[in-house]
Structure formats: structure tokens, C-alpha cells
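Before any comments, here is the structure.
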């Protein structure tokens, strides 16, 4: 289950990021890294009931609601790796505006833009 | 925009429920009913960027994170109307367990089951 | 400070409710009752910087955001005692819709209506 | 890990409650039951770094902050099984008042009292 | 409604800030900017039921409870534009201490002070 | 009560930090400083029902759940002053992973590590 989780985690969040997180772990957080890889990325992301695209949509909404900008940034990158477009992400965040309120959406749009950049920059 | 919203709202949440909410409104909450219909169900649910199925997946995760059981119950029904299966809903809630924590998932599984019933009851 | 707090608490939440809460306290929660009376109702509600009306407006928004329906119900009653009208309360909750999201507002409108009743009931 | 988790879960929450939860599970929530038993009660509650008493103290504070009254009720019972006294629980909830605010503490005192009963009832 | 909203938004948050937000929008967030201007600043801030001063009081409490420091900073500036004094803002945040807990108040006092500066700096 | 609170606060959070907070207070936040010292550090931290070690365990879980990283950092330092080891703190945060979700735990592990440093740095 750890190996399946590691594979999923590297494919979704990027191999460099994940290898660095695990390589950089020490006695304080290595068990945490191991549990996250096994349960979150192994047990849940390995399940076949939903596509990766769908799991990313859910995570963008859920992590916006949870008010966790560091994790949101990571999962915006993961969403791109899972095939979501810039427009798909915009749609989720407009739904965040309605259900989580305007301040949550302002924060999520700002964080997402740090990953996605500005139209004119591209 | 109100008419488009009302149509969406009735199709997703059920015509009886919506007609009752609006018919039962008084001077205290009729403007709220009107704004929700226009803003939430018109402006956002009318957008074409995501399917209704996808919007329901996002809402189940987001409303679980927001800890709003009354709305969750309504959106479990809406999810069924939007074509999600019992198994799809289970998948979202297992993802809730990982990202929002076990107590959030216990609550959401209990609420969903009030709508979905027990296997043996069917 | 306890006496000042008790006076404020009885005037805002109603003497019957408060006397019952305190009279019904036992060894488990009597210190809590005493601290709430002194700290919340004495130290803060005795301050002159804002009117009671203003403190009630803030509380309705804040307790809606905190997702605490039991306390919200109590503070809707307190708001009426502090001179807010039915329409004032409606205005706060429409602002809740925008800043805290639609599910928060749906819950707060429902709770407020349990106190305020329906137009046609009056 | 499942067996270790099941043993911990039954000892903390009570064998009857746990056997009922698992026996009552169906195709919708049986995987969730299995994961909670393994992940929460196996991986974490089996760890030796903290005593059960300490884990209960943490949970009472954490679940109060998370605003999950159903789970809080369960963990008040678990706290008694783990050796906390009525007075220990009171201390945690007074700390909740300061750090999570008065409405959180009012709710947690009410929920705890539903389990603990009133002095005069004993 | 967009024009009324834009006028309100510029008067409360400052013309420079708002013109920059809108001018800087791109295909990712321009619809969001438009919806916020229309619904939040048009539909709600145009309503006559409460004064701008009152709406600012509510927002300071509500956004503190929501734990959104970027938005809080903006609305501390807005509160000054709406006529609140330094002392009024202090009063709201002391009420935040009671209802949302000490950590929420520590954060909000720090954010507000970034806008208001230190006595000795003036 | 202020003096008892000040003594506790200096012993737990460190004399330098506390003296600086109080010395740096101005007309905007000095009453807040005074109330926090008296109620939080006087009324609650002076109580004898739980040890300081236990109060720190509760606070690490509770402040993680509340999503307040500035306060968490401070209380990780306080936890060390109250005798918790690096391993004790790790145990609390693994429990945070289960009950508050993975994003909460990722954030708390990162914040705690800013205080505790990396194994190899020691």
C-alpha cells in the first residue's frame, strides 16, 4: 500500500516535490510522511470509484473550505497534473464563492493565481 | 436570471421542496430566497464549465468541510438527482475522512445514510 | 464585576433564562457560569465603547460564522431585547450570506425564524 | 492492525457501541468502518508515546474546537473509560472557553452534561 | 447593479485598491470580480436597512471568526473609511476575544495594528 | 489575579516574549493584554485540576484544530517549557492528522518544525 501510495503521490503532486518531502523528513515527521503516503495516497487515491480529475475537483472545494492555503497551492498544481484546465479551476472557485463566502473565494483565487500566473505572463 | 435559477434549483433539489421553500417564505426571508435563486442557482449553476455531476461532487466535499448537516442532507438528495450513485457518494465521504478528519466523515456518513437508507431496507 | 455582568446578562438574555441557567448549575458547570458572567457579561458587555444594539449586530454575524445554532438562537432573542427589529436581523443575515456563504445563511435564517415566527402567525 | 484497532476502539468507546456500529454497517459504510478501525484506532491509538488519559484530554479539546457534538459525546464517554474524572473534563472545557470562545464552551458543557448527568441526579 | 456596486466598493475599500483589482483581473478572475461587485457590493451594500458603520462592525467580527486575515486587513481600512474610530475597532476585537477565543483575537489585533499603526508612530 | 497570570504567562511563553508584548502595547491593545493575562493566564492556567504538561497537550490539539499558526508556534515553545519532548509533540500532531485531517496536520508539522528544527541541525 505504501508503494501504491508513493506512486500516486508522485504522479499527482510531482516527483520532485514528493521526493524532497520524504528525503527531507527526520525523526520528527517521517512517521507522518509514511502514514500520509499509505492512507491518503494509498488507501484513498488508489480507489477506483472516482477519476483523478473528480478527486481534484473535490479537493479544491474542500481545501478552500478548510482554509488551508499551503495545501491548496499544492493541490492546484495537482489539479493541473490531473488534467484540470485553468477554466475548470475557475469554475470550482466560483462555486466556493457561493458556498464558502466571498473571503474564502478571494483567498483561493489569489492562491490559485500564484500557481497559474497571469494571462499576460503567458 | 431568476427564472434560470429557479429551473436549476427545482431540477437539482426537487420541485416540491423548492416550491414549498418559496411558497412558505414571508417578509423575513423572501428576499433571501430570491437572492439565493438568482445568485447561487442562476449565476453559478447555470454556468457550463462543469457538469451537474461534478458540481455535486464538489458540494458534498465542501459542505462536509463546512459542517452544515442540513444543507448536506439536501445536497445528498441533489446528488442523486444529478446522477451520482450511492457508491460515488461513498467515495467522496472517504475522501472527506482523509482531508477533513474522522469526526467530519462520521457526521457526513450518518447524514447521507438518513437519505440513502440501509442496504437491507431496500 | 460579577454583579455588573449578571445585570447585563439578565437584561440582554432575559431574567428567566439566566436565573434558570445559574440555578440549574451544579459542581460541573457552576465555575463556568461564574466566569462567563464575569468575563463575557461583566468585562465586555459593560464597556461603553459600543451600544448594545451594535454588540448584538456583531454577535449575530459572528455566531453565524462560528456555526453555533444554540447560541445564535439565544442571541436573536437578545437582539430583540437590545432593540433590533426583525428587519435589522434580516439585514445581518443577508450579509452573512455573502461573507460566510449560502449554507451558513440558510441555517441562520432557519434558526432566527424559530424565534421570530412567521409573518402570518402574528 | 485491524485487530489492534478493534481492541482499542472497544476498550475506549465501549464494546456494545462498537459492535453495534460494525454490525450495523452495510455496503455504504463498511469500508469506512474498516478504515477508521485500522487508521484511527490501530495506527494512532496503538502508539505508546502518550497515555490514553492524555489522548482523551487532547480529543476533548480538539473535538470541541472542531464543533462536532456527536463525536464529542462519544469521546466524553471514552474519556470516562480512560480514567478521566468529571473534574478533569470540566478543566478541559474551561480551557475551551478561553481558546475556542464562549459559544464553543457552552455547547461542550451542554453535551458533556448529557453524558455526565446532574450532581443531584446521582 | 454593477455600477451601484462599483461605487460602494470604491467608497468603502478605496478607489485605488479597487481600480487596481479590476484593472489587474484577467480571464481567470474577471468574472469573479464582476460577480463580487454586483452581488456583494451591489445587492447587499446598497441596501438601506443598516448603516455602513454597522455593516463594518459586523464584518470585522464575522471575518475574524472566519479566520481570513487578508480580508480582515482590507475591512479594517474599510471600517476607517466608514467612520469607525480606532477605539470602535478595539471594542469589536475585545468582543471577538470572548466569542471566538483568544487566538482569534490575537491574530485580529495584530492584523488591525498593521493598518492602524502604533500610538507612538502617530 | 493579574500578577498570578503574569507569572504563569512568563513561565510558559518565556519572560522575554511576554515582557516585550506588554511593553510594546499601546492604547489600542493594552486592555486586551490585560484581559488575556488576567482571564487566560490567571483564571485558567492557575487552576490546579490539570498539570501544565496536560494543558499544553490540549492546546496543541485545540490550536491546530482552530487553524491559528501564529499561536501554535508560540504554544509549541510553551510546550517545551512545560516539559513536553519533541516526541510528545509528534504524538499530538499524529492525532491531529486523524481528527482534523491531513491538511491541518501538514500545517502543524511545518509550524512545529520551525520551532524544533531538523534532526540534522542539532
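Chains here go by letter, A, B, C, D, E and F, matching the order in which they are written, and residues are numbered from 1 within each.
Simple rule for what comes next: a residue touches a chain if its C-beta (ideal position, glycine included) is under 8 Å from a C-beta of that chain, and two chains touch if they have at least 3 such contacts.
None of the values given here were measured: they were computed from a predicted structure.
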Next on the checklist: Give me the set of chains touching chain E intersected with the set touching chain F.
Outcome noted: A, B, C, D
Item to check | Repeat of the A-C interface, chosen from B-F, A-E or E-F (over half of contact pairs identical by residue number) | outcome: B-F
Checklist entry - Any idea how many Å lie between the Cα centroids of chain B and chain C? => result 29
Checklist entry - What whole-number Å value describes the gap between the mean CA coordinates of chain C and chain E? => result 23
Checklist entry - Which residues does chain C have that touch at least 2 chains other than itself? => result 35, 39-40, 63, 66-67, 90, 94, 97-104
Next on the checklist: So with touch defined the way it is at the top, what topology do the chains form here? Options are line, ring, star, complete, other.
Outcome noted: complete
Item to check | chain C contact footprint on chain A (complex, rising order) | outcome: 98-104
Checklist outcome for this item: Interface with chain F, chain A side, in the complex: residues 24, 26-29, 31-32, 35-36, 40, 63, 66-68, 70-71
Next on the checklist: With touch defined as at the start, can you tell me which chain F residues reach chain C in the complex?
Outcome noted: 35, 39, 43
Next on the checklist: Considering only the defined contacts, which chain C positions touch chain E in the complex?
Outcome noted: 39-40, 44, 47, 49-50, 54-55, 57-66, 87-88, 90-92, 94-100
Next on the checklist: Looking at the complex, which residues from chain F come into contact with chain A?
Outcome noted: 67, 86, 89-90, 93-94, 97, 101-107, 109-110, 112-113, 116, 118-120
